[in-house]
């Protein structure tokens, strides 16, 4: 269940190369679970940018004078995200959410590893807290190209059992990639679940590492979305169902969180020939 | 000669039902004469509104810390003017100007009457000052539907020999129209020129009254413009040339100020059949 | 600032004027004129959380084919100025599962449904129509003929009068004779009136215009076509003037043919424009992606706009822009000239 | 905020990369690829106050007819989402005054000129070509065939291969055999490749695509068509994907035909998109109304964009998006995955 509300900008602040936008979002925060996302209308009524932008929900505050507020972490990518970070206090923003399938939490108090790439750490905060509440061990790995593209390391440190940082250029933490350190960290805690959010190639490798260690992986993907609510079919990727059949599933409603071992990572961006209803011969 | 500059909003304030926008406009103010206009880019870079909006230059200040500023008076009409009045201090605005043919000033110190309808009074301020500098008598008539749609009566009073106000509803000044009082005022001063700015039907009648009294009229028209600089041919109206031939003239470059007796007011919005190159038979 | 609140959903700020919003599309009577555009509302379920889908005229479902279909590879969309390109490739569950799953839900929900069908061959269209004959809850069929004909070098059915008519003919023959059929046309033709003529002769009860305009975007980073499908369909407000023109041309040529209009409708005034041009009902497509409550919001805005213009029946506004000129009323010399 | 400064004119902020910007359109060599679109720059004079018109490739002048022409009644334009409609009706001074007045000025100014011509009959086109034969300063002729043929129920020449070819044929016969001729095509056809085939066979050296898309706006206040001409031509960024698609289709079918591309180009990246799709030169139309220095600004932005992508010659980028897929380079599994 998602709702559409007009929120207001409460605050916008920089964090490294990102911006954190706090919005009032009455009615949305109450329903939010880790891994949910929102879509925001861009550019005002006379905007030439028709499509909403999808952003992971970072934090929610359900009470307080504003009756529900949420934070999102924005990396400026193009004109829509630029518009968002140019907002000022009290500006209205049209919000739809919470959207998507959130992370699935383990029933038991197992060990977990959370892996975030760049702003992909944003949804891991709520997740880490809820896992801790359930008694899970939570080891966190954050990676980015360079220090200023890490988000929230200090805050995550507070809630994590361990925090490991990697940067491509070695400007903070270990030089290298999150997947360089993941195996050892999984092994140390005997992790049963890996939660990940970040670029597709990262998710692919995280998922492979988890699977090779008989662990579950829960990966939040990022596919271009036109509607965000499941009606347009733009955001699909090939996913293997329980019946062993590959289908093109909508990442906005059947994701963005998928079981890593179900996603045909190497085939993302294609329609594998054994997909249900795949083109025969000349294609569609 | 017009220039294109990025100005900055210095101030925006209400005046009755209008807004007065003050902009830095280095390079434009120096060239401005009464009757000139500017065009402003609307909605920012990702705007769906492609066309610039034309606005009369109300006042210019050529010196000062900002190196040239100008004021315009805006009546909100649709989404573009709404966007303009929603600007805040320091917002950038793309300005092209000064554009058009300004009012022609008399060589001698004759009596003049200035007639403004609604925000049409905006360009009359500079005009009144310059006419007074030349020793002309300046009687001003302002009219509007209702009091709050009059602009600048107090300020104009200072520079005018007399100021007469009419409103359709009688909320200020005489109940009626500017053309009800124009004949008597012209006769009283033996006016040689009438300067007018306002809606087309007003200009038509002002021009007829002036002509019937052997006076010149200088009317600033308002036609929808796509380019404002003379390249698109959208802003035309039928005007009789010195050779007696009617042509469809561009109001952005051959106007906006026309001699009232040259404009075929009753035919505005049509192509009179005796226009140079008019369609024969079935039309173009 | 408060203007942004317009996208807050269908909550009216002032009491709605009393306007009879019902409309008639040949034999099909609908209590309200707004529809969802095929492919932009799936089968209505997802939108039902944003507005009550039974309050609008009907849900037009995503074009369904005979068999399950994966659609094309991604990227399937690109944002363009005031529009978007899509190249979905008709992903869908196939007619059987669609009937069992989607139509059953819509029936239970009490929504009116126009089912959109698509085929790769004339035969497939006929089979789809035959299959739907057994289903009670179908109020009408929209025949999406903007599909490549695999039997004719991938020529799009909608682009030639002959192939367009063949498809409609097949559907007509296999449908209940009382089933309202709407042929959904492509604007990418030299003469749309000729196509309308062909499909009406072939048994269509009305037409839906317009489908998307063929377009393309090159990604300036990869320096290749952005869409996996290379070309895609342009939709959204960018194409609205093209849609209005098509509706106008069709209404000029066929004063009585029922028209479902679509293409870039975003507000009640846009919908009014379509109705004045000749549309009997109006579908909302891409705007749903911008505002998931758009169909219901626009319906309310339209009702208000009609009331403000003195209409008490939507039907009276249909084709109103075609009325003969009445110069006296419009060029009245005595109008209040200082209206500013 | 600083992004808005982009419309400040062609002043580059960093040194421009060295890129050979010259381009070749058959026999016509131009030092730079940006042109003005016909009807959006008059004869260049007004724009010369905003940028030096000799720095761009050429001025394409407003389509001129044999005799003076008043154009249509107003309103002649309507703003639409990311576009505009126009219905000017080819207002102009007629060929004689155009040559004496406009061409003479352009020659004196030292600008390269492509003259656009338009006619109501095949014969008129021929006469215009013959008249231009006497003028030295014409670098090329653009034949605007998107005009109604008064001898054939107002059918637009560009919409049928036969009439399009007839016009081009007449112009070819009356022109200097070495005069580069470009047929300016309408996108409002079922198959643009077929039209290109016809005009090239008839003697066109290249094509200009696209002219405006037929559209319409209803004024919801008067509840009548907004334009005095009822329908009008849609231009601006809204139609850019349609233009890119047409250029792409033509380049796919004709690897060598020179193409002047236009339709909604607003930035250097837009121009690059056209070039990658197959355009050899790019015209700027409606964007001039938004930013009168657009052609020069876009040319600078294009040069920068080419340099950033490693091109040293514009010519190497032409049609680059058609290059065969090279999967290795593009789907490299080893890319830096935490690039964010």
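As written, the chains take the letters A, B, C and D, and residue 1 is the first residue of each chain.
Keep this in mind: a contact is a pair of C-beta atoms (placed from the backbone, for glycine too) under 8 Å apart; a residue touches a chain by one contact, two chains touch by 3 or more.
Treat the numbers as computed from the prediction; the structure is a model and nothing was measured.
Between A-C and B-C, more contacting C-beta pairs join the chains of A-C. One simple way to say how far apart two chains are is to compare their mean CA positions; for chain A and chain B this gives 56 Å.
Between chain A and chain C the centroid-to-centroid distance comes to 35 Å (mean Cα coordinates, whole Å).
Centre to centre, using the average C-alpha position, chain B and chain C are separated by 44 Å. Look at where the CA atoms of chain C average out and do the same for chain D: the two points lie 32 Å apart. Looking at chain A, one finds that residues 45, 48-49 touch two or more other chains.
Listed for chain C are residues 1, 3, 81-83, 236-237, each touching two or more other chains.
With chains as nodes and touching pairs as edges, the resulting graph is complete, every pair of chains being joined. On the side of chain A, the complex with chain D involves touching residues 48, 75, 82, 86, 117-120, 143-145, 149, 168, 177-178, 198-202, 205. Against chain B, in their complex, chain A makes its touches with residues 43, 45-49, 79, 83.
Of all residues in chain D, those touching chain B in their complex are 1, 3-9, 39-42, 46-47, 49-50, 62, 67-77, 79, 81-84, 86, 88-92, 94, 148, 150, 154, 228-229, 236-237, 286-293. Against chain A, in their complex, chain D makes its touches with residues 1, 3, 81-82, 237, 333, 335-340.
Taken together, the chain C residues at the contact with chain D in this complex read 78, 80-83, 85, 159-160, 188-191, 213-218, 220, 222-225, 230-232, 234, 236-242, 244-245, 248, 264, 269, 272-273, 276-277, 305, 309, 320-321, 325, 330.
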